[in-house]
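Structure record follows, encoded as structure tokens.
Each chain gets a letter, A, B and C, in the order it is written, and its residues are counted from 1.
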Amino acid sequence: MKVSLHTPAAGWWWAAVAAMLAAFPTIAANFGQEYYIGLATRMLVFGIAATSLNLLVGYGGMVSFGHAAFFGTGAYAVAALADRGVSAPWITWPLAMALAAMLALAIGAAALRTRGLYFIMITLAFAQMVFYLVVSVKTLGGDDGLSLAARGIGESALFYTALALAVLAACGLRRLANAGFGRALQGVRENEARMEAVGFPVLRIKLAAFTIAGAVAGLSGALLATLNGRAGPGLLDWPQSGQLLVMVILGGVGQRFGGFIGAAVLLAMEEVLSPYWVHWQLVLGIVLLAVVLRAPRGLAGMLARG
Amino acid sequence: MSAALAAEQALNGLQLGLMLFLMAAGLTLVLGIMDTINLAHGSLYMTGAYLAAATYAAAGSFLVAVAAAVVGTALIGALLEMTVLRALYRRDHLSQVLATFAIILIANEAIRMTWGPQPLALPTPRALSGPVELLPGFLYPAWRLVLIAAGLGVAVLLFILVTYTRAGMRVRAGASNREMAEVMGVDVKRLFTVVFAIGAALCALAGALLGPLLAVQVGMGESILILAFVVVVIGGIGSIRGAFVGALLVGIVDTAGRALLVPALASIAIYVLMAAVLFWKPQGLFPARG
Amino acid sequence: MAEILRITGLVKRFGGVAATDGLDLDVRAGEVHAVIGPNGAGKSTLIHQVSGALVPDAGTVVFEERDVTGLSMHERVAAGIARSFQVTNVFARLAVLDNVALAVQARTRSCFSFWRPAIGDAAAFAEAMRILDRVGLVARADAAAGALSHGEQRRLEMALALATQARLLLLDEPMAGMDTAESAALLSLLRELRAHCTLLLVEHDMDAVFQLADRISVLVYGRVIATGTPDAIRANEEVRRAYLGDTLPA
């Protein structure tokens, strides 16, 4: 099965989807279903997070089980800044990104010297390290997390910002994937030893991807904290890393919109199933197992084929 | 710190280390021989603890409870290996991560559905619930000594099994080169099932023994699983000796950290240890594969 | 002829065993220099230490008067040393053209270009096609590399090495696993290659070695026991003893 290094432009359909999403808040308000604006915002935010992980896993072949570390760090950065009276998103979000990027650089520098099984376990371990560290710091709220004093941005405005950032992320992913960097990254995924042998600085390429993915995850964490009005330790815990990976595979590893599709599907499942059955995660587990064993290219993969 | 306190902490570290060894031994073999990551390893530990607690509630004997836990979990482990794990051996690591993560979700919910969200009680056997006077004036909980004895016993048993028996030889052959082992006529499929079942049994033993000390509750497997991963990374994938040394290191560093450092630093002590070992030996202390 | 590569006192130990045990070797610019020796002599280990895959415990590797002993593999490629693999190691899932284009793009340092689409880099793809033409794989440019025959994959390996524009090519058993026809084809390809760069190759196929090489070095237990022209090596007593009855071509 031949794999192309080039990510083609999506069809007109995705502009249609973006347009529909842009009209969504007005439509929802019209029907008195404002609640769903928040849900849609969550889907976009997690879509951005899952897309950043997709860059790492799908395009770079690096299975990281510690992405929650960057996601949660972004959230806590916003909450901590709000705690000190800084709540304007255009200040806190870039700072959250920068902090997440630095953390990613540090963890990546250590973890990326390993590969395969070691890499998976080490990213998990380092993420847990961040989790335990944050939980043990009293000023960050311990087990209860940290609440934001003020959101700093209205609900509709937050939705539109998230939508704009999501579009940016989707476009950015394609640009990045098709640029020299993206080709090299995919080359590393395909055959790391070969890339080294033809003269690519493989470690540097992986580290760059890891840092970029971490930064974007930090941004989405910041968005989530702003949306939820709080940052909780759950955002740093390993199940969160697992949830992001699940989104990637549900949506399609290495597929351009895999992150968004996966996030939407997973959050929709949670939304629909959890009020009816407290043990809905059993269904999720079974569906996930089925997808992994039977449809490894995920939903986007199935859509692409049929 | 007084000598008695230091001795107590040392023994606690040893006890934690040996329990981690039980978890890590099975894990490192699966990682080394089958080149498969199994996140559901912690779920086997949890299953063992729950089976022990439930059997104890029904039968009243701790011995019976441990036996039921070990045998039951070994069977569940074998079943899991034959159905799901076997399909994952030749798959990529991401698929393995996600499939075993799915098993965690299923296991956690299944346990929750069967026994509810509240922790179960698994009390220490009355005869062993008191302290033992190891040295004049130095008391140490009897149950923790049982754990240390059990851990050491299993370590010796495993060492003999792997080094001196033919089965052990096959395991070591499989750990270093699977294709060669197959060519040499080793029934790889059955070997894998047995290895996995033994790993599950060891998890169950740890779960049953630790039940009286820690809470028997949903999700208990995951926190110890991550410690087990740290042990395997430090010790080297595929090496039981590495798992032993790594487990003792982690047990001692973690216990010492909690006794001597502020909570923030204590909680990350073992990760700093892991990073330090990796810096010096990226494949762990005793990697089984070249 | 000037020396392009000078190896002095190279030592590499694995556990208690010295795979490379005080190895001295020099390669002249423009020559084809073959390294032969019995199994376990440390031939692959030598190649790995020159390419940068392994770091020696002692000794130096000097390339074009520059000490490269401590350089990483990609730094050596940039300096002009490239290797091919003993077991064919191409990008199996990628098209043959993409394989070579990647190697070309490595040289043009575009891996940290984050914005401009690489597919617009007509020059790189044109050069890739030229290289494919040189190795005779233009017809297969669009095929997945994994679908190629063994001999074609070996030629793709050569193409990748050529794309790096290395001045010293390290070939680790390039003839391995080939039938007579494929060997002959590769032999003629190697004869063409020598016009463009110096070749240092490890090889078991004695016929190919004695046909192709300008000089041969014999490796036994991690050190060079003899270096010379094929005739000189053929006549060397120590070499005959080292091979213990293995027949050298008459």
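Going forward, a contact is a pair of C-beta atoms (placed from the backbone, for glycine too) under 8 Å apart; a residue touches a chain by one contact, two chains touch by 3 or more.
Note that this is a predicted model, so its numbers are computed, not measured.
Separation of chain B from chain C in touch steps, taking the shortest path, is 2.
With every chain reduced to the mean of its CA atoms, the largest distance from chain B is reached by C.
Comparing per-chain C-alpha centres with the mean over every protein C-alpha atom, the closest match is chain A.
With centres taken as mean Cα positions, chain C sits 46 Å from chain B.
For the pair chain A and chain B, the distance between C-alpha centroids works out to 32 Å.
One simple way to say how far apart two chains are is to compare their mean CA positions; for chain A and chain C this gives 43 Å. Listed for chain C are no residues, as none touches two or more other chains.
For chain A, no residue reaches two or more other chains under the stated contact definition. Among the residues of chain B, none is in touch with two or more other chains. Considering their complex, residues 31, 35, 37, 84, 87, 91, 93-95, 97-99, 101-106, 108-110, 112-113, 222, 226, 229-230, 232-233, 237, 263-264, 267-268, 271, 274-275, 278-279, 282-284 of chain B touch chain A. The touching residues of chain C, when paired with chain A in their complex, are 51, 72-74, 77-78, 82-83, 85, 89-95, 98, 102-103, 105-107, 110-119, 121, 143-144, 160, 163-164. Chain A contributes residues 57, 63, 65, 110, 113-114, 116-118, 120-122, 124-126, 128-129, 132-133, 135-137, 238-239, 242, 245-246, 249, 253, 279, 281-282, 284-286, 288-289, 292-293, 296 to its touches with chain B in the complex.
Remark: chain A residues 1-6, 175-176, 178-184, 187, 190-191, 193-202, 205, 208 touch chain C in the complex.
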